[in-house]
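Each structure below appears as structure tokens.
Below, chain A partners chain B and then partners chain C, in two separate complexes.
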Partner chain A sequence: MRQRLRELAALPWLLAMRALDRPFRLLQRGIGQGGMPYFFLVPNLLFFGTFVILPLLVNAAYSLTGGTELFLEDRPWIGAEHFGHLFACGDLLDPATCREDNFWRAIYNSMKFVTLQVGFMVALSLLTALVLNRKIRARGFFRAVFFFPVLLSPVVVALIWKWVLHRDGVLNALLESLGGDKILFFIDPGWAMFWAIFVSIWAHMGFYTLILLAGLQAIPPDLYEAAEMDGTSKTRTLWRITLPMLWPNLVVVIVLAMIKSVQTFDEVFVLTGGGPGTATQLIVQYIYDTGFASQVQNFGLAAAASYVLAVILIALTVIYIALAFRPDAKHA
Partner chain B sequence: MERNLKAALVASALLGAAPLAAAQVELRVMYYTDGIEDQVLGEQISRFEAENPGIKVALDVVAYKQIVEGLPVQLAAGEGPDIARVTDLGGLAKYYLDMRPYLEDAGYWVENFGPFLPWLRQEGDTESVCGYMTQMTVTGPFVNKTLFEQAGVAMPAKGATWEDWAAAVNEVARKLDIPIPLAMDRSGHRMAGPAISQGAAYFDAAGEPAVVDEGFKRMAQLLVDWHNDGTMSKELWGSVSGSSYRGANEEFGNAQVVMYMSGSWQIAQFSEQIGDDFDWWAVPNPCGPGTCTGMPGGAAMVAFKDTEHPAEVTKLMEFFAREDNLEDFYSRTLFIPGHVGLSAKGIDFQTDNPNAKHALGVFAEHIGEISPTAFQLQGYPFNRVMFNAAISRVNQAIVGEMSLDEAYGRIEQDVEQQIAEKKRGG
Partner chain C sequence: MISRLLHFLGRGRGTGGRPHVTDVLTWLYLALGVFLMFAPVLWLGLSSFKTQAGLIEYPPTLAPLEQITVPVEGYDEPLPLFRVTGEDGVVRELAQVRRVGIISLMVDPAAPAERIKVPIDSIEKVREVKLAFENYAYPIAKLNFLGYLGNSVFVTVAATAITLVINSMAAFGLAIYRFPGRNVALGLVIGTLMFPLTIILVPTYLIVTELGMTNSLWGVILPGAATPTGVFLLRQYMLTIPGELIEAARLDRASEWQIYWRIVMPLALPALAVLAIFSVIWRWNEFLWPLIVLNRSENFTLQIGLHSFSGEFYTRWNYLLAMTVLTLLPVLFVFGWLQRFITTGIASAGIK
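Showing the complex of A and B:
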């Protein structure tokens, strides 16, 4: 009976395949077997070209033109002047010596943010995945709890934490009830960066935990049984079996987290507004402020800064490819 | 047979109605609201539509941020609305529709909106009529009078300096344990009035922008000092970056602020939100060595030249700007009129709140005391470049990212660079 039902369900697909068979055979006869892969790739390439390559080219054109006009034909050609402004620095390590000092402040803030956020997020995600992989009580509930923040909009996440961390928020009320003083978290650069990183980890950790959990569950149990029979300690098992077997998943998590972290904007923008001063202003906020929030909307400079961001992201992607596809990756 | 006949009748009626529907003009108005003005305007639009069945008006009420950041991009792309309420009066002037060819009585506009029309014009233009002021605003401080009374501290009288007020609000805050003695909107426009009072000129002898002078430095130093000694809280100015606006309405409404430097547009909102929970009074603008001025300003309804229906747009603008409609609008929204005739006649504001009535009186007085420098600055098309540079760089000095001297250099560089970019093409 079940078999009949399956056949019935597959019937429309079978009919569709049969209907397509003849036209595709004709097509293959026309363009040859070698042309067929390109035929199937065309829709995807068109989509990719329209929404990725074309904007990249348009962005390049903006970065090489000046003025405040929106349409390219109205913008004067200025060559690499915007890039020149971005890199006009007495000392690259000191933003105060740079013409576009806030660009470099944003670059350094982003580097600090990415290093700490990715480092802690990967460590915490791994720890959480290891715990959730054990046979603990209410495991399903805890898995859902850790994943839930991923479903929330970044703006909602930031607003929730803003209320928690406000002068009269829940956390300060708790501090006061314990006899402490209120802390104005958002006027201290250290605290503001700490909370920006914390909230970002809280919001995204569940996703990476899920990837690592899937990796942990794919490790063959007989490896652990053999280790147990050999009397291997838990720590040695973690270092010699779990982590090497999990390495391909860890690479994915690290690189995806880094790319996402470099692109962070909305939750930090809503939470701290980039302040105090420019202490939490990240590179994407600099681009947004330059291109859209000023009275003089400097699309050219914003586009040039976007290209610098793109170079950083391409570098991260290359690192990912190098790590993920190195010859010994499968055996790690 | 009868059914077929009915169907044919319905079909022919629909077909007959089709050209009518197609002939109807739809206009879009983009609008932000500080209080109840969107409701008042909505009612006026309903009456306009009843009087003009061929014109349908869609009122899009959006966040203020959308007007400031989104509208310029829409206009540049030729995708803007037909009419909008704007505050960057001169900055968007190149997109405005000169309504004179379509106006029934251009003289009415020149007579009643004349002093403000130059704010809506591009450099060199002395003739165009592009819109009207939905409100005249003037910046000035509000105080929580109840706190002064509870603390037993006398409020400084008219003519008192900013330093006198800072001392008084600090005393009140200390006695009553109020967290924020003095708050000021995080806005270069709000800072400009006190800076001009300190002697800032904002322009050089040739009329070119020159933000940093001794008067401006005095004000910037005061702001840094006030943040360092706790007179102002870094929560407001220090907690965000760049030129982001940050108000203290919530803190003032919760009686956490003794004195709040903002402006006349807050009156309706305070009436609604604070009501008579405490006495909130507007007080005269404090003085400096230069003068005792606030900044003029306001919001304007403007028509855009990319509209496909300039005649209908002008008709709607004429309806909004009619004396009886504007009188109704100003009286219900508690806005200071930007209409010369109504200003002279006086508006019977619809409020029983004594604080609101008092504030309206005080702000009306402020208007007469606005310095010519403040008017010049308000009329300058790139004034927001100057405001934003000042606010973002002084803020960096406040939080210790740079010294005030470095901030002054950066302000001049930012203004020069942005105006040069603007003049390069656009």
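Showing the complex of A and C:
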């Protein structure tokens, strides 16, 4: 029965492929076998070119032109004015002295967010992976428990927590029943940032736990056996064998987490809307607000700000690729 | 019973004997983890069955409860039922006619002629468990939930199909052949890992506009179709296919296209399945790009629909929670069904 279903599902695919046999055999006769690899690459590269390479070039045109028009021919050339605007600060450490203060607030918020989110998330993922790597019952179940939020949509994650955290929500009821006072979590800047970080850790730590767990399980067991024979204490084994062996994976995980964290938008946007005020507005939200959500759509400024984000991401990605595609790095 | 449970749970490192202190800590940590990960989702599920009145009740009740109302002779509307503790300690169930300050005006449903005044601190609502299925029925019938669902399914299926075809073709080209420019193409693939959609939002929006695809689902589907991750994953897998197989096929006069779909694709099925699952999850959950491209509500995907509904001035939480549950369920089913596949896919490929 299942076999039948599978064959049935594959049928349209097989028919389409077979129908293409003849034309593509003729094509091969035309361009020769040496031309075929290009043929296979064309569709993907067409998409790449249209939606990645071309935009990268066009982005420059936006960042150097002004006005609120979308079409490039309607936009006046203004040179590096947007960049000057972004970086016009009395004191770079104080966003209030900047002309585009929201940009710098977003930068500082993102720095705070990335540092705390990545720091705590990797630490918790490591702890969870170590716990799951012990000889425990129902490991698969617990792994799934920590992992399932990874697959939930950011909107769903944010709504789940919004419902828990709102003014008359279950957490405030719990606080009051324990003798505390209600806290307006999304009115207080500190709490809003705390929950933005907490929720995004909740949603993503399972992914990093999984990678670290795979790394832990790849450590050869004879190392542990040798340590046990020598009477090495468990703490010492952790510091001298487990962590050093896991180190390459850990570094990759940290950089990957930073790449993702810098680009955070969805869950924080739905959870706090960037508020209160701009207390939890991150870089991507600044770009989105400037280019798309505000009354006056400032595409040029958004494109210029994208370059700042791009520089950060490229730096992180170069580090990531250098680490992850090293011959001795197995995972990630 | 409890000691046996503890024994079962504690059976970790120590073979027999008392559980080690680290075993206890392990189980405490896992118990806390289960609570933190599951409780919010369970709370969402329970809340989604509460009526609007039940939802705004504070402090909230765990189960979806509703006050019982009884029809009383002489009153048009059914009256809410309360449990009243009299001064003599006798407990009676009375229906409330109305409240005046701290005095509640009640009647006995059995003898509706006589009105009884009681202080409100001596009364307590009589409630029963009632699941508000209309929370689910209303969005489906009236709020275009099915339209959003249809859009999401269309985007997910079409995008995944396109991704699988073009990514597998490119991966095949990059894995099987050595040709001038291969390293450039490979470099492009890896290089675009650096340029996620988040940093080219404005120009991509222009291109989608020029192609006439704003407010169309194709504007959501096409920009993300050529995933570098997918090409990379498939290529790595195809590299493990022995070259003799392909040589043998060529000797049998198979065309390159036939080698692609008759030999390499079936062999790469596990990697294709991993990519398919991830593409489905990416597309189902995608938010920022659809938020930019789709402006008319009939084109909204589920995520955008949910967000726009939650952002309304007067959020109807009972419908919102039910829709959230409906959006989350397919993902949980897929996860429950393909869990092993997904987790090994992540652990070995590191994609997300």
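Annotations
One rule holds for everything that comes next: the second predicted complex is superposed on the first by the 270 of 332 C-alpha atoms of A that agree within 3 Å, B and C clash if a C-alpha of one lies under 4 Å from a C-alpha of the other, contacts with A are read in each partner's own complex, and residues count from 1 in each chain.
Please note the rule applied: a contact is a pair of C-beta atoms (placed from the backbone, for glycine too) under 8 Å apart; a residue touches a chain by one contact, two chains touch by 3 or more.
Keep in mind the model is a prediction, meaning the values are calculated, not measured.
Of the two partner chains, neither chain B nor chain C is touched by A:226.
After overlaying the two complexes on the shared chain, residue contacts for A:274 are found with chain B alone; chain C is out of touch.
Shared-chain residue A:75: touches chain B; no touch with chain C. Within the superposed three-chain model, A:36 lies in touch with chain C and out of touch with chain B [touch as defined at top].
Look at A:292: by the touch rule set out above, it reaches both chain B and chain C.
Using the contact criterion defined above for the overlaid structures, shared-chain residue A:137 touches chain C, although it does not reach chain B. Once chain A of one complex is fitted onto chain A of the other, the partner contacts of A:161 are limited to chain C, with no touch recorded for chain B. Comparing chain B with chain C, more residues of chain A are touched by C. When the shared chain is aligned, chain B comes close enough to touch A:67, but chain C does not.
In the superposition on chain A, the residues of chain A contacted by chain B and by chain C overlap at 70-71, 292. For chain A in complex with chain B, the residues that touch the partner chain are 66-71, 74-76, 78, 96, 99, 101-102, 105, 167, 184, 186-187, 189, 192, 272-281, 285, 289, 292-298, 300.
If you check the complex, the residues on chain B that touch chain A are 69, 72-73, 76-77, 88, 91, 179, 233-235, 238-244, 246, 382, 384-385, 388, 395-396, 398-402, 406, 410, 413, 418-419, 421-422, 424-426. Across the interface of their complex, chain A is touched by residues 8-9, 11-13, 22, 26, 29-30, 33-34, 36-38, 40-41, 43-44, 47, 56, 58-60, 165-167, 169-170, 172-174, 176-177, 179, 181-182, 185, 188-190, 192-196, 198-207, 209, 222-226, 231, 255-258, 260-262, 281, 284-285, 287-288, 291-292, 302-303, 306-307, 310, 317, 320-321, 324, 327-328, 331-332, 334-335, 339, 342-343, 346-348, 350, 352 of chain C. Considering their complex, residues 17, 20-21, 24-25, 28, 33-34, 36-41, 43-45, 47-48, 50-59, 61-62, 70-72, 127-128, 131, 134-137, 140, 142-156, 159-164, 168-170, 173, 176-177, 202, 207, 210-211, 213-214, 234, 252, 256, 260, 263, 265-266, 270, 284, 287-288, 291-292, 299, 302-303, 306-307, 309-310, 313-314, 317-318, 321, 324, 331-332 of chain A touch chain C.
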